[in-house]
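Quick one: the structure is below, and I'll ask about it shortly.
Letters A, B, C, D and E mark the chains as written, and numbering starts fresh at 1 in each.
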């Protein structure tokens, strides 16, 4: 059972990681990254490292995610402002 | 620290400190700078005289300390060192006087005299170096400190000449460094010793040692202006006259020739070089350079360029003397180190005087200058005759000794080279002398300047006369005990009779 | 050309991954047994805290932690050095979303409480300054997004004091013990527990402050251009 | 094979993915994401491999905590730099900026 | 005593609270203290031998120990000298009117602290944190001011530094996983001859550190970062910062290389170093901007350092020692000379108000002092006697000859010639008197004096190389094993 859980977790970690890098939309990539952070937190729990799990959840997924999201929205605002309407943003 | 260790250091410091002081002086303090220059020059002359006397009496002046693992910095005054040190101390004083006059109101004098002093400090270091490593140290310092002098005028031509100068000399320095490092790897830290180090050496090393010899001579040959690597010398003529004088008579080319003397006698030992057959090819190369330089000089219209090619030819006399196995050849080579310096510096002083006083740079503009500038022209004539080898002047002593050395070494063809070269010397010097004295003034001088009573500025007037006097004296007094010839004999005796 | 480069890079990454995996497998088989866990267990009693991770972070390897806080301070001040406006407040964010505002009134105290708990828990169970600091920063982010005014977020001396406070207190303790004749960073016997808690408290504040400042410093508004150029 | 080792191997995989992303992506934010993935992978290797034999080991866990904080510091600083760079130049990548300074 | 070396952290914290001018006074005072402390530590070690210093009272492997030996304290002293010079220069050079300049001092002090941490570090993970501290502080210094080009350079630098650190950390993870300790001496004690995992770990660490040291072909980030930063910052970065990662690589190699390295790796690293020497020099020769010339020269000079690897692998003990001494001298002399060169370049730029090389015409007329400093530093970079650069080159030549690896001789000699080419290009430009303008700004005397002092130190290093090396080579074994907690 636990093997299954570990295996599933690892597979989804790797899949999310690839998804982070391959997703075309930056916003989506960041959301995937936050999901990845949460999965990492789970992995740390499985590794009996609750301290890291807490930190990962708070810092890795939470704060980094917010920072990145903020940046992405800034980029998109910047794009909209710069480029004339009609062109792809 | 004892006096014997202190004196070589003082000889170095006298000009090194002068350089530092001069760099620090503001551009405008002309008098103070001149004073420092002259004081340092006189002081150095005194120190060198004292040391020469000491060496003659058999005192050992040496100082050394470890610089790097296995390598020491070593200053040592032997007879050969004093020959070169004496030459540069005397000529530096005269060149300094000359330079003060020559650069009277040109810009950047602080820079000029600073590097000038550094240059002489390097030369002194080269003379007093006690091992190859120390020699190399000052040899490279000389390269660097002459560059600003060569490009002093800051024109495109001067910069171009400086570029070529630095390419040639740094290239030579690299080859030399390779040779020195290799030799150090083979044999360790070698101090200069009158009999050399390889009188008995493992035959297995002969191949490598021969290669090292070739590297060392090739590296030194660049500064000595030997045939395929002489190209920088005529170009460097764009420098101001005192710099040319320094380059040709005292510092740069002499450093190369002196280095070859050191390598052949004091590192490898003349015996080793002779037995390995290293001397013969060098002799051919030197002989070729002698003739080649003279031939090229024939066609030069620019006075300083003609003198430059003459230098290429004359310095190889020294190398030629070195390659003649036997005391007489050695004496001829060594004494020419000094004689050529005195004669060539006279010629450059005079050329500088013509340029500064009359604005004349070309040979064909010199017609009738003898009447306008008799003292300078007399000096020029004497030096030219000396170069040709007219007795009893300095050049004659050299050529005679060299010829005798060649016969002793059973290399008769060298005598032929000497004769041919003298003919060529006559062919490019006598027309100038003829123009000076026997042709009427063809055209007004390009830029004439007058300085009251004397034919030229007093700072420029006296140095060539003094050197002329010297070149007559060393020739006339050659047989006496205190002549350069006797000194060279002293050195040769120590080299051949351990 | 570009495609080739991509392929080569991918191949290199794959090769490296395989090599690494093999290395991990080999290393896992190695016979060297570390004495570190035993040593750690034996020394835990003298560390002043019960939770081993906290003991490692704030006692055994406290030098690492000190430098790490230094890294945070560097990032924080580099961030605010680039901030373009005098006030780091963003008026555009001072929204009047009623729902968010109401949410905050409940959320903020709750999160502060959580941070305090994490901090306190650190000495004997999972938790500690980093986690608490992160929660604190997250609270700040929330407040900012919700438009609560935060007067202290100005690049003034107060902000800088906040940034450096945790680091400074930590360093002060370290230097004080060095001056008192102990090793640098060593706690005086018997005071380790209390000092660690004190250090963690200020660290929490500073970590929260730094992360928040970095979040706040990031935006650049077009209206306030900083002067450009410098000495050279 | 213990689960810890499995996680270490997963970490290796993440390293590979992260490195590939770091090398191949131009967009600065995406590179930053890749860097964070790579970092997570390294942390997993560090803890997983160390715990493979001896069970939970607080030392590597503490190291990873330190590492995470360093990583967030670097990430946050990078975001500030990237945003400002974007603000001044309108660019989101370092490629072909053409200002002659290669 | 060793504790006082952490006071840079204290200066960093204090100066963050002050503005630029007050921070300057504090920092100048701090520098004075720092130099005195470093000197006294140096003399203490020179007299009494090296020791381990257990931080927080916990000895390795549980705690973190500092390795205080001749080499480390010499680098601490070097850092004190170069950083003080840069700090004094910066205090005058930087424009105090800009509000962001206040962050210069804390970043500067953090950088200093990080450097000291790396010199003394003996714990692999602690070295990682130290490296990150240095990298982030350096990036912060480059980005200070926030111009677009500076940001671009800073980002490039940051990404390279982060990737390098992670590669290093991955190696640390593997080593810890295998040996269960982070202490370098501990690992060196247990590592065997054939350990493929550890060998890969070493490879990863060396690769990461090479990236941070800007070894060809991973050097792309260096010239923009060093060329764009303000001159005192460039001097710090080129003089000291890149040496930190190299220092770790060298320590790793000397402790573990004989068992975990291979001839291929050693020669490969040497070959990359050689390529760096040639390529960097050539690029330096072609640069239109003065500081870019100096920055590319750093790429070239760093290349020499990597000759350490082939010249210490599988060679006789005396040869290896020659190579180590040569590399140490190269590190020191390059630090002094390059710092002098960047500071002098800053003065020249300030004076002609242009960053271009061809704007220097006639500067030899008006600013001979700075030009002279630049030239003297250049002499050391060329490896001309009697400078420290020459001493280094000489020792490396001897090591190459003695180990029969003659191909490095060509690199050493050619590198010197190429260095001469780019240095003389600057002289040439400055000696040209065609278009002399009188419109030169005269920088304050302090600015002119500092590069001269550094250049003279680089010059004098060659003359006193022997005594310096004797302290560096102090037998650490005196106190090794006995983990003496410092008095």
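Here, contacts are C-beta pairs under 8 Å (C-beta built on N, C-alpha and C of every residue); 3 or more make two chains touch, one makes a residue touch a chain.
This is a predicted model, so every value here is computed, not measured.
The chains that touch subunit B as well as subunit E do not exist here; no chain meets both. A count of contacting C-beta pairs for C-E and for C-D identifies C-E as the more extensively joined pair.
Farthest chain from subunit C, judged by C-alpha centroids: B. A simple rule picks the central chain: find each chain's mean C-alpha point, then take the one closest to the mean of all protein C-alpha atoms, which gives E.
Of all the chains, the one whose CA centre sits at the greatest distance from that of subunit A is B. Taking the mean of the C-alpha atoms as each chain's centre, subunit A and subunit C sit 20 Å apart.
Centre to centre, using the average C-alpha position, subunit B and subunit C are separated by 71 Å. Subunit B and subunit D have centres, each the mean of its CA atoms, that are 66 Å apart. If you average the Cα atoms of subunit D and of subunit E, the two centres end up 26 Å apart.
Each of residues 20, 24, 27-28, 33-34, 36, 40, 53, 61, 64, 68, 71, 74-75, 78, 82, 84, 130, 211, 214-215, 218-219 in subunit C touches at least two other chains.
Shown for subunit D are the residues in touch with two or more other chains, namely 8, 13, 15, 20, 45, 49, 52, 54, 59, 61-63, 65-66, 68-70, 72-74, 76-77, 79, 81-84, 87.
Residue positions of subunit B with contacts to 2 or more other chains are absent. Taken pair by pair, the chains that touch are A-C, A-D, B-E, C-D, C-E, D-E.
Subunit E contributes residues 2-4, 6-7, 9-10, 12-13, 16-17, 53-58, 61-64, 93-95, 98-101, 103, 106-107, 110, 113-114, 117, 125-126, 129-130, 132-133, 136-137, 139-140, 143-147, 170, 174, 177-181, 190, 195-198, 200-201, 230-231, 346, 349-350, 485-486 to its touches with subunit C in the complex. The part of subunit C that touches subunit E in the complex is made up of residues 19-20, 22-24, 26-28, 30, 32-36, 39-40, 43, 59-64, 66-68, 70-71, 73-75, 77-78, 80-82, 84, 155, 157, 160-161, 163-164, 167-168, 171, 174-175, 178, 182-187, 226-232.
Interface residues of subunit E, counted against subunit B in their complex, comprise 322, 325, 362, 364-365, 368, 372, 379, 384-386, 391, 394-395, 397-398, 401-402, 409, 413, 416-417, 420, 424, 427-428, 431-434, 462-463, 465-466, 469. Those residues of subunit D that touch subunit E in the shared complex are 8, 15, 22, 28, 31, 35, 38-39, 42, 45-46, 49-50, 52, 54, 59-60, 63, 66-67, 70, 73-74, 77-78, 81-82, 84-85, 88-89, 94, 97, 99, 101-102. The touching residues of subunit D, counted against subunit C in their complex, run 5, 8-9, 12-13, 15-16, 19-20, 23-24, 45, 49, 52-54, 57-59, 61-63, 65-66, 68-70, 72-74, 76-77, 79-81, 83-84, 87.
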